[in-house]
Amino acid sequence: MAVRTEPFVLNMGPVHPSTHGVFRMRVTLDGEVVVDIEPVFGYLHRGIEKLAEQRTYAGIIPLTDRLDYISSMNNNFAYCLAVEKLAGIKVPERAEYIRVIISELQRIAALLIAVGAFLNDCGAFFTPFLYMFRERERIVDLFEMVSGQRLTYNYLRAGGVSQDLPEEFLPALRKFMDMMPRFMDEYDRLLQQNEILIARAKGVGILPAEQAINCSISGPVLRASGVKWDIRKDDPYSIYDRFDFDVPTQPAGDCYDRYRQRVEEMRQSLRIIEQAMKQIPSGPVRAEVPHLIHPPVGEAYGRIECPKGELGFYLVSDNSIAPYRCHIRPPSLINLTALRDMVRGWKVADLIIIFGSIDITVGEIDR
Amino acid sequence: MTVALSGKEVAGKIEEKFPGSVVESGPDNLVVKVDSLLDIARFLKEADGLEFNYLNFVTAVDYYDHFAVAYRLSSLKHNHSLTVKARCYDRENPALPSVTGLWQGADFQEREIYDLFGIRFEGHPNLKRIFLWEGFEGHPLRKDFI
Amino acid sequence: MEMKPAGQYIYSDIELDREEGQVIADLKAKSLEPIPDPDQWLEEELQQNILLTTVDALINWGRRSSLWPAICFPACCAFELIAANGPRFDLSRFGMEIMRASPRQADLMITAGTLTWKMAPNVRRIYHQMAEPKWVIAMGACAISGGIFASAEYAVVPGYNRIIPVDVYVPGCPPRPEALIYGIQMLQKKIARRKNIDMRKMLER
Amino acid sequence: MKFERYGIGIAKGLTVTIRHLLRHPTVNQYPEQRLNISRRFRGNELIWNREKCTGCGTCAKTCPQGAIEIVTATDMAENKYIVDKYEIDTGYCIQCGLCVEACPYEALYFSHNFECARYRRGELVQGKEEMLETPQRKVSGYFYPDKAQKLPGQTLLVEKITEKR
Amino acid sequence: MMIVDFIATGQGHFQAIPPDWPGGFWWHWLFFTVVVIGFVLTMVMGVIYIERRGMGRMQSRLGPNRTGPFGLLQPVADAVKVLLKENIVPAAADKLVHWLAPVVAFAPALMIFAVIPFSNGALLADLNIGILYIVAISSVSTVGVFMAGWGSSNKYSLLGAMRNVAAVVSYEIPLVLAIVGVVLIAGSLSMNQIVVAQNIPFILLQPLGFLLFFAAGCAEINRSPFDLMEADSEIVAGFHTEYSGMKFAMFYLVEYAEAVAISAIICTLFLGGWKGPLLPPWLWFIIKVMLVFFAMVWTRTTLPRIRIDQLMAFAWKFLFPMAIINLFITALQVLAGWPTQLMWAMIIVNFAVTAFMVLIWSRFFFRLGWGRIEV
């Protein structure tokens, strides 16, 4: 006689400790096995795209800060690239270097959070998360020195950056660069070879390369599936073509690979900062840009490789002081497309870590 | 470096296969007719030399008299990109074919457009509001929404 | 239970979504005016200045020394809250590191982030699920007034005090962890002045 | 990962945590020990210079929020504006800094203060008199490098050598 | 007067029948009931403090240090606050079950301490089947936990409770088998006799047994890495999601009382109980309990959590066969008369066996069922 069980529906979220914000999943469970999930969005829909249509080009930068709030500098960067493309603004050399340094530092900070949160989801009781938060704190210190805020920096401007680096910035960055590799080794010692982590994450939530491409996945998740695609290499923006760095990939595309991928990317970011620190010239940091920008009629798509994937701003201008339409390509939202196929057939505990390994920010999903 | 393919060249290729389906072609974009959108999308995804296997984003712009739905496609193999647009003139009940069958990544984005612009995507498996709640009146990103 | 092949998913019933929408619409219609700040104790302090009983002092000491925050971190400010909890600012010094995932066991709601109308019924529910006595700290501009998103009226609640009473307002976007700790200390002062045993009421009985 | 199944990974992890037990923690005990915050810190209040302000209203125009409310009257005798009302709601301000950057007469600064929590919503609105510079309410160096020079240097976590090994 | 001696010197030998007390048993029971309850409550506060401070330091924070000197009064403040909070019973809950659950869970945690010796003979009841009593009693709190999960009418609670029952049922077997090794060497089931028999701590004679007991004990009381039933990141707060106020305080107490109980059992069985030089026995006992508890905190801080099917696989494929083999080897050694004559040889042999077994198992058998789901 076959024993039949009835599936039951569990609402995970919108307030759940491991949904990284206010994200909700309707999970259909059969015992502990996930039969299907349906993500439900919108609990943080703040109408950023609508607000952007009513603001000046400079006034949108504070909005982008709050988009993916753990990588604000990168959001500023992507937006400024799009505006510069639209209005044809040339950025001074020093500003380009500052942008690269800042954006790579921010990448490290955001990836630290991603890795820490993933390990926390695995149940490591905050320890790796707090260690990585301590390192993020060192980076945030540097950002605070530069921009005066700890989370919403509002530092980049169309045509450069708002102020030059303070003179104590580069020595402090030097210290950080000397310190960071040691800490990264320490994290590796903490959990990288841990048997329990390997047992939990290896082979779990495999995302094949074809499906990743079909689902428009980008960023570390795509590269962990073995696709060598990094916008910094394949479509170099700003001055990324001057730096020598690798694009690491992982073979299997499971949760453990995604975790390793992020750690490897942090090391590559350190390499880029090292080179940028050596080459940084002196000079102006802000191009002569009018207070209110009137770009010509047209459209532009500026994209960068942000810690979560391809972050793009699609701006349509009608020659007024505000964009006619400002679309944001949110990597977090699009990366979630594959979640459903990845978790089916796994257990509730695996659902949590697969979800954690995708690394989302709800502010960016819902906008 | 990602090469932005000339819309005109691609338009020529499409015209060979589906005559009369391209409305307009610019230096890096292409406006196609709504009826043949799905066929062209399939052609762009599968044709040799094009192989747009990656959908960067789908979005819509409200131009009062019509909605322009823009698909940005790129090919990870050849590293080139193209923006394909379709215009939707019906304001009361705009509709387009859904491309989720070709690029699964369009799933949530089409729902988003449905939610914020009110454009229906025929053939989408689960077309309902994504960010706002059921019973919300109007579509916020339309220009006439207050 | 058989797994369906890829591409065939189980979708939720639209009726459920409609019901959710109805709840949101009701709440939206109900909360047009902000709830007044619970500040009666301030005047009391000025008028009477009664010495607190020893029991009151003990109870208040216990309550203010172990404020366990509930998990309600919608957006950006959450990261400053975590930073305050983290190794540099360390809320655990005040006995606050136990973040109870279940609102039933929490005392304090730190509303870190923007509140949207879709989320509002849930936050309100969490607040009602918390056991008395409970306190709310509105952290950041979005929690106080809707902040940068206040003009997106269709989606964003202009301040948590539309749906729940707020005890302390901590401005900033987001406030520094120190600013949050300052706010928490203000709340602790407030708790210390609270009267749990009202002698007059007892005598009247 | 040769030894992935022998329990060595667990042992390594345990050594890391036990080492942290012996290290000095990185905590800054806030109410007693205070960090020197950034010289460019964008504090939660604005400071307004009554003498330098001409009442042009550029700050209010630049503010993406519309949080600054400025009402002026014309003073015909001296050919300038008199500021009747200058008010900012700190509960609505997002400290983006655009107003300070935009001010053409260097009359608006950020404060260097973050302890602005209040019990009541209404107390968060900063009036004209509460925006003047006082010894408690110091000026931050955001966008004013000369003011920044006078402030103490920032305490950095990278400077704190706690990780002895 | 034994009691005066005990308090003054910490020495003294209590018989199961205290003849020179006026009134006989009653005084003894009353005294030790008070001692046990006091001990448990104080120890719970102590271990909460140790856990929060120790964990804070390991995470490079400080931990509570504001309430009282060095934050020592933090657990008191927590208790004052939690006990005075509103008590909520969900509308859909089964009221009676919901109310009874914390009581059912709490009583056994306290009862375990009846047979734990604080000094030579200083225990509430020197049962000659002490170990059996512990094994029997400790499983009862599972009933309370399941009642909590069922009575709350919350899906997360139910999931947590089901996980807990599954874990306890599986881990009881390796737990008991690990104890049997000790019992074989000591030749008695009485806790006091086991301690008396430990001329050297049994951890040296039974290293594998110690590891097995530690792992199984952690799993039984749901300490990390086996804390699945209240896994924060998965099922909110597990079985006590819907509990607040005093009932939650009782569950909180149970959690730590059980941790203290397991630590006390470990230190009685493997670490020589109250035995130790210089210091009075009860102090040695408390120090050892704290040390064992600290080891639990340490693992909790470091290790990730394992999955439910891995939890089962770990019990049945790893602990269970190893426990059987451990038992077999111990039996052989006892038959050969080693424990008395060739003590040091036995220590070396046993450590070698432990290392060999762990390696072998981790290489070949540990893999079974790892990384994939077994439904």
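For clarity, chains are labelled A, B, C, D and E in written order, and residue numbers in each chain start from 1.
What we mean here is this: a residue touches a chain if its C-beta (ideal position, glycine included) is under 8 Å from a C-beta of that chain, and two chains touch if they have at least 3 such contacts.
All of these numbers come straight from a predicted model, not from anything done at the bench.
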Query: Which contact partners do chain B and chain E have in common?
result: A, C
Shared interface partners, meaning chains that touch chain A and chain B: C
Centroid comparison with chain C (C-alpha atoms), farthest chain: B
Field: Between the pairs B-C and C-E, the one where more C-beta pairs touch
entry: C-E
Query: If you average the Cα atoms per chain, which one ends up farthest from chain A?
result: E
Field: Between chain D and chain A, distance of the C-alpha-averaged centres to the nearest whole Å
entry: 25
- prompt: Centre to centre, by mean C-alpha position, how many angstrom separate chain D and chain E?
  reply: 50
Computed distance of Cα centres, chain E from chain A, in Å: 44
Field: Chain centre separation in whole Å, for chain C relative to chain A (CA means)
entry: 29
- prompt: Which residues belonging to chain D are in contact with no fewer than two other chains?
  reply: 5, 7, 10, 13, 16-17, 20, 25-27, 29, 37, 64, 94-96, 157
- prompt: Which residues does chain E have that touch at least 2 chains other than itself?
  reply: 56, 58-62, 232, 236, 301-303, 362
Statement: The positions of chain B in contact with two or more other chains are 129, 131-133, 140, 145
Query: Each pair of chains that touch: what are they?
result: A-B, A-C, A-D, A-E, B-C, C-D, C-E, D-E
- request: Name, in rising order, each residue of chain D that touches chain A in their complex.
  value: 1, 3-5, 7-10, 12-13, 15-17, 20, 26, 37-42, 62, 64, 94-98, 101-102, 110, 140, 142-143, 145, 148, 153-154, 156-159, 163, 165
Field: Residues of chain E touching chain D in the complex
entry: 54, 56-62, 298-299, 301-303, 358-359, 362-363, 366-367
Statement: Note: in the complex, chain C contacts chain D through residues 34, 37, 39, 42, 87-90, 93, 141, 144-148, 150, 159, 161, 166-173, 175-179, 181-183, 185-186, 190
Message: With touch defined as at the start, can you tell me which chain C residues reach chain B in the complex?
response: 9, 11, 14, 17-18, 20-22, 24-25, 117-118, 152, 154-155
Query: Once bound in the complex, which stretches of chain B touch chain C?
result: 125-126, 128-129, 131-136, 138, 140, 145
